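The two complexes that follow have subunit A in common; it is paired with subunit B in the first and with subunit C in the second.
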Partner chain A sequence: MISSRYITIPIIFLLLCTQTLWAVERFPPPDFVETDHKLPSTDYITDVTPRLVLYEYIDVAVLAGTLSLASYLVLKNRSRRAIFALMIFSLLYFGFWRKGCICSIGSIQNLVLSVFSNSYVIPLTVLAFFILPLAFTLFFGRTFCAAVCPLGAIQDVVLLRQLVLPKWLESGLRLCAYLYLGAAVLFASTDSAFIICRYDPFVAFFRLTGRLNMMILGACLLVIGVFIGRPYCRFLCPYGVILRQFSRLSRWHATITPDECIKCRLCEDACPFNAINTPTAPWPASNYRKSKIAITSILIISPVIIFLAVLLGASISDSWSKMNPTVRLAERIYLENNGMVEGTINESVAFRSAGTPVSELYQQASIIKNQFKFGGRLLGGFIGFVISLMLINNSIQRRREDYQTDRAGCVSCGRCFQFCPKEQERLKKLKEQSA
Partner chain B sequence: MSPENPEINEKSSNKQILHQAIFNTAVVAGIFSIIVFGLLVVNYLQVRLLDPMRTERLEYLKLQLAEKPTDEQILTQIRQLDLQIRKDKISRLNFSHQGAILLVAGIIIFISAAKIAADLKRKLPMPQPAHDIQTKQVRHVTLARWSIVSFLVLTGVFAVLFAVTKKVDFSQGSSSYPSEEQINKNWPRFRGPQGSGISFYTNIPTKWDGKTGKGIIWKTKVPLPGNNSPVIWDDKIFLCGANKNQRQVYCFDRIKGRLIWQKDVTTAIPDGNIPDIEEATSYAAPTMTTDGKRVFAIFPLGDVACFDFKGKNIWNKNLGLPHSMYGYATSLEMYQNLLIIQYDQASADDGKSRIFALDAFSGNTVWEVKRPVGGSWTTPIVAKIGEQHQLITCADPCVISYNPSNGAEIWRAECVSGDLAPSPIYAGDFVFAVSPYNKLSAIKPDGAGDVTKSHIAWTVEGDIPDISSPVSDGKYIYLATTEGILSCIQISDGKKLWFKDVREEFNASPSIVGKYVYLICTDGTAIIIESAEEYREIARNELGEEVFASPAFADGRIYIRSEEYLYCIGNTN
Partner chain C sequence: MERSEQDITRRKFLNRGFFGILGAGLAAIAVFFGKKKHNPKMVWQLDPQKCIACGNCATFCVLEESAVKCVHAYAMCGYCDLCTGFFEPKPRELDTGAENQLCPAGAIKRTFVEDPYYEYTIDEKLCIGCGKCVKGCNAFGNGSLFLQVRHNRCLNCNACSIAAACPSGAYKRVPADEPYIIKRVQHA
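Showing the complex of A and B:
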């Protein structure tokens, strides 16, 4: 039998080290000071022909096609191998071929910006990338995560040794994704930054180049992903937060068994993503009263939690506003003007050369800071509300008779199918029929 | 292995062989990936460590070449090293790209093989009897709630850490340049605020003696000579000095006279091209200026340098060697964030004269205007006239006023000629311009376009200086010729009230302190007279050393640069 250390140690080492691969400096332009030679006006950046619009529509068509196929494979075909093959195709097409852009996760920001900015109109293709996975999730569950999303795919591929996290820990970690979603909306709405794209941990791998820090982050997530299935999808993905809610309401959803659950418990450890809900035992009578008290208490303190979160949101708004280039420039100019920093940066030199009054810049920065203050409060309120809901959700005593997929958390990967004896029976019958 | 069933045994054996083969593939792919990775790391380290060293060497050679531009050996070395660096960069970049592809391929094979190998050895699920589900359920619910609360607490801690970072309040000190009040309390340029020569402080001593040391608080030797005058900001005094081979900027402690720092300013002009400059002008004639945070100097070779108050060189710039008959001597002026440099040279027909406004922070040119004038040695002033600031310049043949923000011309008056050294002043609603040995013109500065015929209120001739600039208290204007003739003119109508031959020689410009006019002669004698419609001498003080620079004033003190020393004069008690 293959020992786990033979697999895991080299993988950790290799993945951790790949970050240095593309960190070589770009070749600097030649220096022709002595001869006053002017570089040609066309360079490799401006010479690049824009991608044809047609290709964008092809991308949408491929997205729709892969979503349809993924839904069919999950719900009808129930083949993990086919799902895996489609996942590899998506990884190659949307990941390495399309360089991870555009992606449905990042499209949240485009949508938000188009709502808040008068000068930005969201392209139809981006809108399609945002809507199509949601629509499919509403009908078929998270088949997008199963076999279409390249970020999910790259993590799924490296998963070798599944380590199941306790569910209670997962409840807390999942809140990171809500925070990330809220922050992404805040930054996009203030036209400050597209943080989902900027901090996409895997796009550097898809493009075979990128910032060193993002390479390290991506490598770390992949190393974690060797043991803990899809850490980004489960604990960070902002789009996953929305998909979870849609998946709860989905018309159809992947099931462990094609028929009825015989409670054989063979599928109990099949899911690396903790997305199988086991049957519950009857709750102790004493706990029923405790549960009622807990829910009542949480309902009473919810406004306090939300208020506290609002305060925290407001307190971080000033720091977060520095992500906005105008605020950053204004602060830099302020520091330079007051002798609090030495030297200048390109942005401050350009600003001064433009002759725009400093007061105007400060005014703009103050407006953006106020937007952040308001947005920070809203974000805090949102997180406080989510925390309250999750506390209530975790205090409700539920009854379950069968082994079921967790409709919100299940990414429809199909790993559990093969563990079900009923599924084996179905496959046997199919084989016989085809024979 | 059961000996009873050969078919199962064979299958099991095949599976074992297959597993071993795939496992070995994984090991080989892993080793291959590690080797490729190792080579990439070496390549990366070479890029990070070796290249910067060679780039530094290249920069050093370039600097050497700047000093010896005709040295073919250095030029060849630069070309060879430059080519080598570029070749290596290209080859390393290619290596890095190819290595990356190989490494990715290696990792893909390793992961695939490892996954298959693990799959072949996978155990079937064997669920153990479940115990105490009820307790686990209850524990899970409790822990989940704690986990969520912990998230809130951790987020709160991070939020507090974010919140304690330094906040910038744009309403506090939003201006990058000093206020009018700050400027008035200091002496930030040649002849103080607005180049008027008027001291904000009136508690200035009138008696001292350089020979006995009476009234001399301290005197400090200035390392290199120069005719530029001291500039003062708070507790610091700035001067510059130079000879043909060296240019330096000095910062002195205003209170104790200690030389705090001295910094060299390099020149872009090669040794062989440095012209000889008249001793009377010196290699450091232009007076420095400061915006209260940085200090700026210009030297006659066209080198402009900016330092912070700690002596850190912020930027340098060379404006090109000026074609100046006696050597460039125009002092610097500041307007808000702009360093104003009047760069007059050659003759008007040569079209070489310019005025530059450089960004004080970076040295970048914000605006530049070509001037229809020849070389001059006057210093421009920025005066607040009504609600508007005007940059007033003076050079043969015009006095020209510009908008200091953008360099747009406002008005010009053709009323000066010759080799101009006395700087213009603004007083009593007039701009005064001196045409050496010829006339003093009073110009009303509220015009536009050519105001030669419309806005010259009066002119006065006789006893007109050729070096020192006039000074005015708003009622009278005082002139001091090089030959030692002092005169006083009434501003309202240009009537000469008195003149007096004091039998001295003046290069330094006169200053006004309260009701007195201070005049420093070239032999170091300071003549103090009353600012009045009649000549009345208050004091004559000997310094004992020659003085060509104009004095600077601070609270209770006068600072005079002599040929070798910087003097602080004040109440020694």
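Showing the complex of A and C:
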């Protein structure tokens, strides 16, 4: 025993020196002479296969089906109860059964990564999840939000009491969603992180497990959602930002009344999402002048707003680039190599054992940092542009004769239908016809 | 001036124009990305050659019991008596005492085959994917034990939390029809 130890220790020491070559066979595989023992096969590993691709296509089919049904229910059937039932189905299917992945909101990042990455190509099913809701919104309004999106559904079921926010606060908070969208695109395009998925507040509920901080955030949003309708959809959802623009131009859209508005004011407080536009009072001619001055001055200062936002974007880009693992690793290696920190972390150990030259790492990191510099400015410019547009939009005075849905903000939930006396009339007629 | 429904106002004209632009944009995205050569589905997997068995797989998975488990490439295994994947890899004090066993979950089964060979099998139900055995096997053995994402458990999250926490960049998306990266015998 002792002699063998004397031999093995130097051997092990030698082996330790060649850590990078650990795949080398140190101990030859055995020849079983006494027994005819067969080596077990590794097929047991590969026999456990992922969910069939067929099921992914089924998911897409369910998405298309629910979108069609939702559009029919919102535009033709006009039944809040049916919309609610479909919404619950989507919550169960896309939320609790499919565990929230893949979702249309997150698919933005897959698309962006697919544009910027050489190695990643977006799978067809994910592409369908991105495009289908947008296409439906372009024709029928945000029926996706109404009854298909599980994140919208989980917030919609907890909404009990509505607290109407002033319009200025509403648009101000909505800026968060634009920022979120911009940041998600920036981080996905640099292959740093999928922040929409990482900070998805409700996916932990769907999976019934998750990080504690996200659970707390989700719970907070749901508590807020009891009083303020769908806070994530209105103030954070990056996909909602895109849907808004599509919904503005939609060919058909949910209407409060089935035929003509009689301005009875009954629907005025029906919308928990601040998405009903009231008729405007006739205003004096001097208002036009005031409005023109306001718009002209916004147009004049908008380049200043955009410029300031670009500066702000440039100043944060450096700290944001630390979201990228390569940048983080390069900074750590730099600190370690220059004796500015003591010890190593897993990342630096892994990097050194891989044997990549440090200069290559630094070069990669500086490329990514430059991308962030450019992307940060672009993001800032985008936000400045959005702020200017919001200001202009809020200062344009539009003449409205009747109560209308605000096409961008309306999620087609159908809550307002029942408040319209014309709708009641229609239902009565339908009943008579069927009787 | 009276306007009938058919008249195209400036607003309507602009609306229709933008409608067309957005519609065409969507179609362009669909065609451009739909035409690319791609796999219908990608799944997460870790490259065992890059893995440093840091233990993050056990703790960062969104599942309470990680989707990552240890698997065994038997063809690479030396069937050692004193397996450093099974026992604490401290060669000086190594003995087969139960207190020296490495696996915190008792998921490795050690079976006598013939003198001096022992076979090591992983009970996946017990394995927590901590990679302690992988580290030990890599350090002093043949490296036949390695971690893999088990696809009966993996939820295939769009943004894998383990991938985000992996210090060596071992995680990548692989085509679903080839979902494993199996270690094979390498000759130096």
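Basically, the second predicted complex is superposed on the first by the 378 of 435 C-alpha atoms of A that agree within 3 Å, B and C clash if a C-alpha of one lies under 4 Å from a C-alpha of the other, contacts with A are read in each partner's own complex, and residues count from 1 in each chain.
Rule of thumb we're sticking to: contacts are C-beta pairs under 8 Å (C-beta built on N, C-alpha and C of every residue); 3 or more make two chains touch, one makes a residue touch a chain.
Being a predicted model, the structure only gives us computed values, none of them experimental.
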item: Contacts of A:Val349 with subunit B and subunit C, given as first, second, both or neither; value: both
item: Which of subunit B and subunit C A:Ala294 touches, first, second, both or neither; value: first
item: Partner chain(s) touched by A:Asp402 [first = subunit B, second = subunit C, both, neither]; value: neither
item: Contacts of A:Ser114 with subunit B and subunit C, given as first, second, both or neither; value: second
item: Which superposed partner A:Leu335 touches (first subunit B, second subunit C, both, neither); value: first
item: Touching partner for A:Leu160 - first (subunit B), second (subunit C), both, neither; value: first
item: Common ground on subunit A, meaning residues reached by subunit C in one complex and by subunit B in the other; value: 15, 21-28, 30, 349, 353
item: Complex contacts: residues of subunit A adjacent to subunit B; value: 1-2, 6-7, 10-11, 13-15, 17-18, 20-28, 30-31, 157-158, 160-161, 166-169, 171-173, 175-176, 179, 208, 264-270, 280-284, 287, 291, 294, 305, 308-309, 312-313, 315-316, 318-320, 330-331, 333-339, 342-344, 348-349, 352-353, 355, 358-359, 362, 365-366, 383, 387, 390-391, 394-395, 397, 419
item: Residues on subunit C engaged by subunit A in the complex (per definition of touch); value: 15, 18-19, 22-23, 26, 29-30, 33-34, 36-43, 49-50, 52, 54, 56, 62-64, 71-80, 91-92, 113-115, 117, 119, 121, 138-143, 148, 150-152, 154-159, 161, 164, 167-169, 173, 176, 179-180, 182-183, 185-188
item: Complex interface listing, subunit A residues touching subunit C; value: 5, 8-9, 12, 15-16, 21-30, 32-35, 37, 39-42, 44-46, 48-51, 53, 56-57, 99, 101-103, 106-107, 109-111, 114, 120-125, 127, 130-131, 134-135, 138, 193-194, 197-198, 204, 207, 209-211, 245-246, 249-251, 325, 345-347, 349-351, 353-354
item: Subunit A-facing residues of subunit B, complex; value: 19, 23, 26-27, 30, 33-34, 37, 40-41, 43-44, 47, 51, 82, 86, 89-90, 92-93, 96-97, 99-101, 103-104, 107, 110-111, 114-115, 117-118, 121, 125, 127, 130, 133-134, 137-138, 140-141, 143-152, 155-156, 158-160, 162-163, 165, 167-168, 170, 173-177, 293, 308, 312, 314, 337, 359, 361-362, 364, 366, 405-406
